[in-house]
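Here chain A shows up in two complexes: once beside chain B, once beside chain C.
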Partner chain A sequence: MNVGDTLVLKKSDVTMFFASIAHDMRLVAPKRRFGGDVIFDVVESPKEIAWDYGHDVYPPKRFLLPHYEDMFRYQANGDVRIEDLGEAPKQAIVGIRSCDVMAIRFQEKFFASQIVDPYYKARSDNTVLFSLVCNKPPKKECFCICCDSGPYLDAGFDVEMTDLGDEYLYRIGSEKGLKATEPGAFMLEPAKPEAFAQRKRIELQADSLFRTEAYFAKAIMFISTNDVPDKVWEELGSTCFRCAACTNLCPVCTCYTVDDRPEGEGAFVRCRSWDSCQFAGFTREASDHNPRPTFGSRVQRRFYHKASYQYIMRDGTHGCVGCGRCVSACLTKLDVPSVLKRIRRSMPEYLEPRKTPAGEV
Partner chain B sequence: MELTAARPRKMWGVTDHPSMNLYVPMVAIIDDIVDETPDTKTFRLRFEDEEYARSFSWEPGQFVEVTVFGAGEAPIGFASNPLEKSFFELTVVDRGKVTRAMHKLSIGDKVGVRGPLGNCWPLDEVRGRDLVIISGGCGLAPLRPAILKVLEDRESYNDLCLLYGARTPADRNFKYDLELWSKRQDMRLLETVDVPDDTWNRNVGVVTTLFEKVELDVSNAVVFTCGPPIMIKFATISLLKMGFAEDRIVMSLERYMKCGVGKCGHCCVNHVYVCTEGPVFTYKDLLALPEASL
Partner chain C sequence: MIDLPTTCGFCSCGCALYVEPVGNRIAALCPSTNHPVSTGRLCIKGWNATPSVTGENRLRTPLVRKGDKLEPASWEEAISITSTKLRQISSKSGPHSIGVIGSAKTTNEECYSLAKLARGVIGTPNIDSACRFYDASLIPALLETTRVPASQIDINSIASAGSILIVGSNVMDQLAHVGSRIQDAVENGCKVVAVDSRVSRLAPQASMFLNSRPGTDLAWLRVLIRTIIDRQLYADEVPEMRGFEELRNSVGDAELKKLVDECGITGEAIVEAAEALAKNKPVVVMFGLGVLQQPESTRIVKALADVAILLGGSVMPLRGQNNAQGASDLGLAHDLLPGYMSLLDAGARSKWEQMWKCVLPSEPGMDAARMVRACGSGEIEALLIFGENVALSAPNTDQAVAALDKVEFLAVADMYLTQTAELADVVFPACSFLEKDGTFTNIERRVQRVRKVMEPIGESRSDLSIIGALASALGASLSDDPAEVMAEIAGSVASYENVSYGSLDQSWGDQWPMEGAETRLAPIPAAESREEPDYPMRLIASRINFHQQTGTVASRSAVLAREYPNTFAEMSSADAEKLRLRPGNPVRISSKSGSLTRRLVLSDSVMAGCVHVPFFFGGDSPNVLASGECDPVSGVPVYKACAVRVEAVK
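After this line comes the complex of A and B, so read on.
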């Protein structure tokens, strides 16, 4: 068995297969809650995995970048003692969608670029991703096809599973995936040519079913050159509720804030928690000077980070994987496809000549 | 050759990695506290770990993240002479939650320090040139190491001129240094205040009014500036009018910061992280970044 191998796992064996993997690590998988909502959570037994789930509301990024993460503890009274707290359980995220896999890959690159974030690195080193191909769009808002991050992957997964009816096509994409497979390897069989043909059919079918109107290219050009008129940003920003659902549900967003939490008896824990660029306090300085004072400037910020040539050069890709969560969550249509559309169409409306000559950013 | 901000020799987490975890600070002890103005104090610090203290070095323009235990962490620029190895000084204005708590500390108390962070003033690159330093209020703090370093190596630089503005005479930082510098023959010091008191016999008005009183060699001079955003903005406009090239105006930016290592996302100016790629930028660098709002 090697990296790059394609095998088959019978559906009747799936529970046993993941039970064998669970000896070594915890399983994080889609779990059906009261009322039918599916969210990623730690499962005690692979029987709990909701394999037929559509789309989870909440991205599994919290298992790599928790909402609240304790960084270290210190004693403030008397002698200062600093203890490192970083914990990184071995875990397999099973059934994760392609878009969320690409989002985690994005975050891994970001947290390891230039300066390595020790907490994220420890967690991602201990995490194996078993992605599940979307044979059809889990929900109507999905636009991963516009972001090259789904509905199936060509690279980036540790293991990718495709539902072929009675069995899963099981592709091993990395050394980590290979190693995690070992305990259950005896349950895997070589894939027959029909399985490959079926996978190809699923790819073609899936490609045709997802929405494709969130095309980025022209919007990226306007955002990168700052040619989008301020009044368009202000118009967009004027509808924002500042709920930060967009950034909290975004599987790519990484920004965090840091707080010192009292633990009693002079002990404190420095913890970091998710923050959002959509809050005015995100950039407000102690002197009350705020470099991003308006709602429009903060919406502009979000889209500059998601879709500007400058960030693409930094991160290697744009900061959106097309999971569609902001589309479902935003009450005022400040989601990626809607805003990109508004930007693409802002030019003819204002008929201003482009400020930047072609070819120069 | 185009002038850009200088890359530092040492940077926490990049070249300098004392512990595996770059979020955990090193403990430092407060050796001395000097009252600068009614709301500003200068803290003299040394690391508790003597071995770490010996290996610690930094360059003018860089900063540290200071942990006030129990209150949190804040970015503060170095304010002392970088050639002084046994201690370093931080000048802190009582503004936010952490700095308020820091002002309540006394000599012998401990704080946490992560650094040095950020890039530095291009002092090596501007050797042989005239140096014009424009500063307002507590903006003198990050420039003081640059001035002290230049004064130690005075013959490498041509003319040195410091233009300093403060709100009132009482709000002037480093009064003891200003006193010494005003007596030196090898540098010019021009001061101004917005609101004078009875004893003030120097200029009154904003810092840009000093430009009329000083002759600058536009072709040879380089400007370092730090101060309130509004001061930097108007100083830059005046300097450009005087004919300064865009890359000859070097400034230190201030942004809200948490991590100091380019991960938390707070300090971004467009796609540039002020904590790792700044805080020192040339005006030309910032022209490409509309969010710098200059």
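After this line comes the complex of A and C, so read on.
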């Protein structure tokens, strides 16, 4: 068995297979809740995994970058002492969508660039991603197809599973995936040619079923060259409910703030929690000057990160994986597809014909 | 993560959310996708609910006043001091010298039990909820007109409204889910007619945004009603309705021509608004605190209900507090019994006398605002306050604080040491909505389950358990089991008869049914003019998106507190120039009752002749400017449209 191998796992064996993996690590998987809600969470038994889940609101990024986490405890008076509180349990995230896999890869790169973030790195080192191909887009808001991050992957996963009816096509994508497979390897069988053909059919069909589109190219051009007039940003900003769900629930967004929670007698715990570029307090400087003083300018900042050449050059991809969570989480219409459309469609009314001679940029 | 969702304790939208507790804090939080209101979305306060309620300064033990200081004490000591004091005062001056003010943020079970404690155990008629300081004027007004003291529609049906009249509410900032559905409605072609003294974030959604001078809503509403009647824009069945002739006669003197001078709205605009509303059905009439805290607020709400009834539409009052509806439903009021039964109704009285084993007077007791005043006059000698920062929310702050300081005995139950708790003789540490079981009733009358998702912080207890302990120290027995209390409510309050914890574990909760009572039109006579030459400007007080109530809870979240770290007042640049005031400098805003100093910011969203003061930044309250005058019917203090003067601080 090698990286790159494609095998099959019978559905009747799936519970036993993940039970064998769970000896070594905890399982994080989509879990059914009240009233049809599904949330990724630690499952006690693979029986709890909701394989056919549709829409999950809370991205699994929180198992690598927790919503709130205690980083370390320090004693500020007397002898200064620091106690590491970071936790990085070994875990398999099972059933994660392709878009969320690509988002985690984006974050891994971000947290490893320049100064390596030890908390994030420890967690990502201990995490194996078992991604699940979307045979059809699980919700109408999905647009991963516009972001090269789904509904199936060519690379980036540790293991990728495709639902073929009675069995899963099981592709091993990395050393980590290979190692995690070992305890249950005896349950896997080589894939027959028909399985590959079926996977091809699933790819073609899944591609044809998307209902939300986000054509980035033109919008990226306008955003990168700063050609979107302030008026458009402010108009967008004026509709914002300032809830920050767009960044909280974005599987790509990495921004956080830190806080010191006093525990008494000079002891403090340094906590980290998700923060948002949509808040004035996020960029306000000590002098009270704010480089992003208006709601519109903060919406602009968000989209500059999501869709500009400058960030594509830095990150290698745009900062969106098309999971559609901003579409369903926004109280108004400041989601990626809607804003990109607004920028694409309405730009001509604002743009003067360019005076630059042809050929010159 | 906890398997079952709970209900958010901030605003009255009542979103369902999931949380993951780790020790004394919350490590994760997300909205429910399938809940009919939250639909996978939360507002800024919902997202930051947990740091707000688990703040580091949470009260962990009871406190008892020893000399000048509040010292930690045991529960036994705190309860025994309180019960002894209540007994003494009751036998010395009678139970009517004791007052009880409850909170619209506590659960239905707690609201009901507190009413029972006051009327049944202590024996005082002086029981009220903090709704008196906010929105209680809608209750007498709607009981008389629509006969449903609540919203007639649910949040999701806003999206299919043909037109919406919305008065005195910055709904986008205050009730995000209502605001979001208004945006959906507009996208579906709904015409929004908004009337407010300040241009709010609702403006981009409005087909017509009318700037009315503060305190003049009654005047233009009378003209609007007259226009609807004169032009026969009303629904077909209206002329046969009870009260139609009286209404028509009462607005006969309302004239289009005078409108501009009085209200700042032109007659043409009113005619256009009337036609837009009448042509685009169904009509929804919404109103917020901008209306509910004005002079003559009950009459204004009646006028708004009349507009809805005339046009065959529905009323949706925009109440802010998470359980304002439940607190009102369950008899936390000086003049009503649970289920809005009148104290004047002998049958209802005798039913509750049997239930609660007590004697109920037919006269209403003192309302919350009057109780605070009576603390100053000595009429009230002991006051119990549950979950309301009265020192900031009562009008005429200086007087209110002095009164609370003067009262012989003050006990306060709260999560934090509020400005009110600082004045108390006994402070009970109350736990948050995440640490107890119960139900809240949201803005659309949906009774929803609140679930205990973590252990109470420190020694804090639920209000229900505090009420139970007080009752037992006073020799009575009140259940501290929320399910048991809900069973008692379901057995005795008609609108809650189908509510049980069993059924709430199967569904998101149902809206209580609206009785089939016949709607009535109420006459709307004119109000007196209220010019005060020494105080030529009008106050607009409002709340910022990131704040909630008096800041007891919301201000504990670093994210929420960070957005507007400094206080300010807003005024148009023309007014500032006229008064020779510089932006960035401090200005003094004074009324007959008091004054406060704020940094001036220029804003075109504030109309000429007005100053806008966002309220409650860490103890700074524009309620110092409120005289303490109340709406004569409901007793809701007048906080809006106060006559003020603005001058530079030398």
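Criterion: the second predicted complex is superposed on the first by the 349 of 361 C-alpha atoms of A that agree within 3 Å, B and C clash if a C-alpha of one lies under 4 Å from a C-alpha of the other, contacts with A are read in each partner's own complex, and residues count from 1 in each chain.
Simple rule for what comes next: a residue touches a chain if its C-beta (ideal position, glycine included) is under 8 Å from a C-beta of that chain, and two chains touch if they have at least 3 such contacts.
Predicted model only: the values in this text are computed from it and were never measured.
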Check the residue A:Asp259 against both partner chains and state whether it touches chain B (first), chain C (second), both, or neither. both
For this session: With the two complexes superposed on chain A, say which partner A:Ala155 touches: chain B (first), chain C (second), both, or neither.
Result: neither
Report task. Figure out whether A:His305 sits in contact with chain B (first) or chain C (second), or with both, or with neither. Result -> first
**OP:** Please indicate which partner A:Cys243 is in contact with in the superposed arrangement: first for chain B, second for chain C, both, or neither.
**Re:** second
First (chain B), second (chain C), both or neither: which does A:Tyr58 touch?
second
### Task
Please indicate which partner A:Ile115 is in contact with in the superposed arrangement: first for chain B, second for chain C, both, or neither.
first
Contacts of chain A common to chain B and chain C in the A-superposed view 257, 259, 262, 275, 284
Within the complex, chain B is touched by chain A residues 71-72, 74, 76, 80, 82, 84, 86, 110-111, 114-119, 226, 254-260, 262, 266, 268, 270, 272, 275, 277, 282-287, 289, 291-292, 297, 301, 304-305, 308, 310-311, 313-314
In the complex, chain C touches chain A at residues 1, 3-5, 16, 18, 25-35, 39-44, 46-47, 50-51, 56, 172, 176-177, 179-180, 183, 201, 204, 507-508, 545-546, 558-559, 562-563, 565
Touching chain C in the complex, chain A uses residues 33-39, 41, 55-58, 62, 66-69, 235, 238-239, 241-245, 248-249, 257, 259, 261-262, 273, 275, 279-281, 284, 328-333
Interface with chain A, chain B side, in the complex: residues 13-14, 20-25, 27, 67, 69-74, 95-96, 99, 110, 112, 228-229, 254-256, 258-259, 261-266, 268-271, 276, 290-293
